[in-house]
Amino acid sequence: MIAMKLTAIKTLSRYRSYLFPVSILVLLLWGAAVVSRVDPAVLAAGIPRGIDLLGHMLPPDWAAFPQLMAPALKTLQIAFVGTVFGILAAFVVSLFAAANINPNRAVRETMRGLLSAQRALPDLIILLFFVAIVGLGPFPGVMALAVSSVGMLGKLFADAIEEVDPRPMEALVAVGATKGQIIRYAVLPQVMPSLIANSLYRFDTNIRMSIFLGAVGAGGIGFDLVVSIRLLDYQTAFSAIIVVLILVLACEKLSDVLRTRLFGQEVLR
Amino acid sequence: MNKHPKKQKQNEEVHYQRWYRRWFWPGSFFMLLFVWCLFALNISPRQFWEGIPHFFSLVSEMFPPNWAVFTRGKVLWSILEVLSMAFLGTFLGTLFSFFLALLAAGNLTPSPLVRTAAKWLMAAERAVPTLIIILLLVVVVGLGPFAGMIALAIGSVGMLGKLFAEAMENVDPKPLESLVSTGASKLQVIRYAVLPQVAPSLIANTLYKFDINLRAALFLGVVGGGGIGFELHLAMSLFRYADALAITVMTLVVVWLAEKISDYLRRRIIGQEVLQ
Amino acid sequence: MLSVKNIAKKLPDGRLLLRDISFEVKKGEFVGILGESGVGKTVLLRCINGLTTPDSGEVIINGGHYAQKINGKKGKDLREIQRHIGMIFQGSILVKRLSVLENVLTGRLGRISPIRSLVYGFTDDEVEVALEALEKVGVRHLADRQAQTLSGGEMQRVAIARALFQEPYLLLADEPVSNLDPKNTEMVLDYLQPLTRQMAIVGVFHSPKLVSQYCTRAIGIKDGVVLYDGSPHISPSMLIAIYGTDLPEQPARQVAVA
């Protein structure tokens, strides 16, 4: 008995240094559970509800599939246009933010600061802001995606531009080329693969975001999904879920394929 | 690397292609696609043009921000809700991801079948947009932060599970081997050889996911998850722009603070491990 | 063609690198500049074509009807002068992801309006001349290849083709063969030398032997001034004066004409 107590005390004292942080953690977790209204009873009641829900969702509403094509397309279009706008804006900003292209430090730091500030802004706020300006619909969705992409893309582009080998640039300076010519002939060829890779990756992210934005009012398949659930039309909802999954998986596959095609062959210049 | 010949007077293969020729087909395709999308979405310069006066009127209605909105306890509480959702959700997600990763790591898994199943689970979760998860959860457990918290927990499994599994697979095998050779059980090996090596990376990834989840929690509020996202959306929908600005500012401050703390913790913990 | 007067340049930490460099170069000359590492040969070259600004002194480019002072000029004026000066650097300075032909074509960017070069590109005639330039250095068959697939010697020849295409009054070469093996060195310099028919060449070399073999004139720089300016065959005692006691290599046995 005493031996057991001794080993217990020894073990406990070994962890003494962990006592404080662990108890804080436990306290925080408990607090969070309270605020989040964690309730095992609700969870328990939820399980039969969940099974019931699944029963209602199957089989999916096959007739709904053709009708869901249009919203799915819309979601893609929103993501596409938003990403393109974002890429254009990010590219322009990145030229001003790159040290080897813009010697003016004040402008550079301002640009980098703006990009950083944008990255700090939660995307929801950007979307709600645009909705408040122009109302619901695809346009605020497109603008929200564009703006939310600029921060990340702008930084990645600017970093890529700064990492370019400076010597070809110098060779062109020595020839008497203008800045624009140097960018076009010495910088862009070097930086193009990175630009495209990052853009494709962002497009992927934006498709998922576009689905979400649809739920918040931009239209598209996200919207249809939310509506069908609110109307308790679970079979249609399941069809919408299937469409979303196909969309996401197809786009992932597509960007994988595009990436290997473009970079595997070094077609890009 | 051969390029297509372009028309020239002589009959030799020609070398130089102007950019618009090289990119003619992909370029035109892209342009057509783009313009088609613009038309389909009804986007035109006019939308931009008409938006500008709306922008100014919005700004004028937003200022000054109505800080009184926080005297209504509900709004203040919803800030706690997002933080709690993100915190608890990430914690539970991390826990579950850890155990899942143990099953998915090549050097630790009990069987290849289990490994495939675990990896498949993680990939499946990554594929499913969190929107779907939250919408279904709301039906099952009702509106509010509980659903949001579970959605975030589930939503963390794919990313954290993969990162954890990779960290475990990249562990230095020598300490494991030496422990196994002394007859330690699998659990002991994990506790004493694997865990210490992966702990910094685990914690760093968890903190990173927390940042992501906090922002996600804002979105979840709008679709039924509770939290300040909901309040913000509500204020905007009711055109109470001064309220909305106050809520926005508070949200920005909270998110920024949380990310700063997360950064600090990450640096402290990684720093400690490095020193050790 | 080129007139360098009293060039002085300080290092960033304040020490004087170049004190008082003066010399003149006429068309048809192939001048080899020698000196210890760090003595400022590259800086001098960069002062000549405006990539670096000297603290004092003048650089005047004279093309017959055309005489321009370089220092003090900026922007468009500087570019106008730079288009008449070609430069070859040590190592590869081609744009790796462009084709060899496109690299050569960039030589004339100083002469083409930015708008035209961005929107249209290069004219068929320009392409013809560029291909001829590649022919002259023996790499026309590589015209379509991406620049990064070439060997060091081939790349330098493309750089020469680019300089040729640029049709400058003056060609500067900053240690153009230091990276190359002896066979390639010989090949590159064999192509470089005949260019003196069209332009003056000023090259920085690390090897007095090469200078004695190919150049028409040698300039030795030490302690920031021109220590020696004359025949490319430098006497051993003069070499020691230029290099201190570490000679880069044994000079070829020549009759001393210092």
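By written order: A, B and C. Residues from 1 in each chain.
In the analysis below, a contact is a pair of C-beta atoms (placed from the backbone, for glycine too) under 8 Å apart; a residue touches a chain by one contact, two chains touch by 3 or more.
Only a predicted model underlies this, so the values are computations on that prediction, with no experimental measurement involved.
Comparing each chain's Cα centroid with the centroid of every protein Cα atom identifies chain A as the most central.
Among the inter-chain contacts, the highest number of C-beta pairs connects A-B. Relative to chain B, the most remote chain by averaged C-alpha coordinates is C. Averaged C-alpha coordinates give centres for chain A and chain C that are 50 Å from one another. Computed from the mean C-alpha positions, the centre of chain A lies at a distance of 7 Å from the centre of chain B. Chain A has residues 266 in contact with two or more other chains.
Residues of chain C found to touch two or more other chains are 102, 146. Shown for chain B are the residues that touch two or more other chains, namely 1. Residue ranges on chain B touching chain A, taken from their complex, read 1, 33-34, 37-38, 40-43, 47, 50-51, 54-55, 58, 77, 80-81, 83-85, 87-88, 91, 127-132, 135-136, 138-142, 144-146, 148-149, 215, 218-219, 222-223, 226, 229, 232-233, 236, 241, 244, 248, 251-252, 255-256, 259. Remark: chain A residues 28-29, 31-39, 42-43, 46-47, 49-50, 53, 73-74, 77-78, 80-81, 84, 120-125, 128, 131-134, 137-139, 142, 208, 211-212, 215-216, 222, 225-226, 229, 237, 241, 244-245, 248-249, 252, 266 touch chain B in the complex. Remark: chain A residues 165, 167-168, 170-178, 180-181, 184-186, 189-190, 192, 266, 269 touch chain C in the complex.
Partner chain C is touched in their complex by these residues of chain B: 1-3, 8, 14-16, 18-19. By the touch criterion given at the top, residues 99, 101-102, 105, 120-122, 124, 127, 131, 143-146 of chain C touch chain B in their complex.
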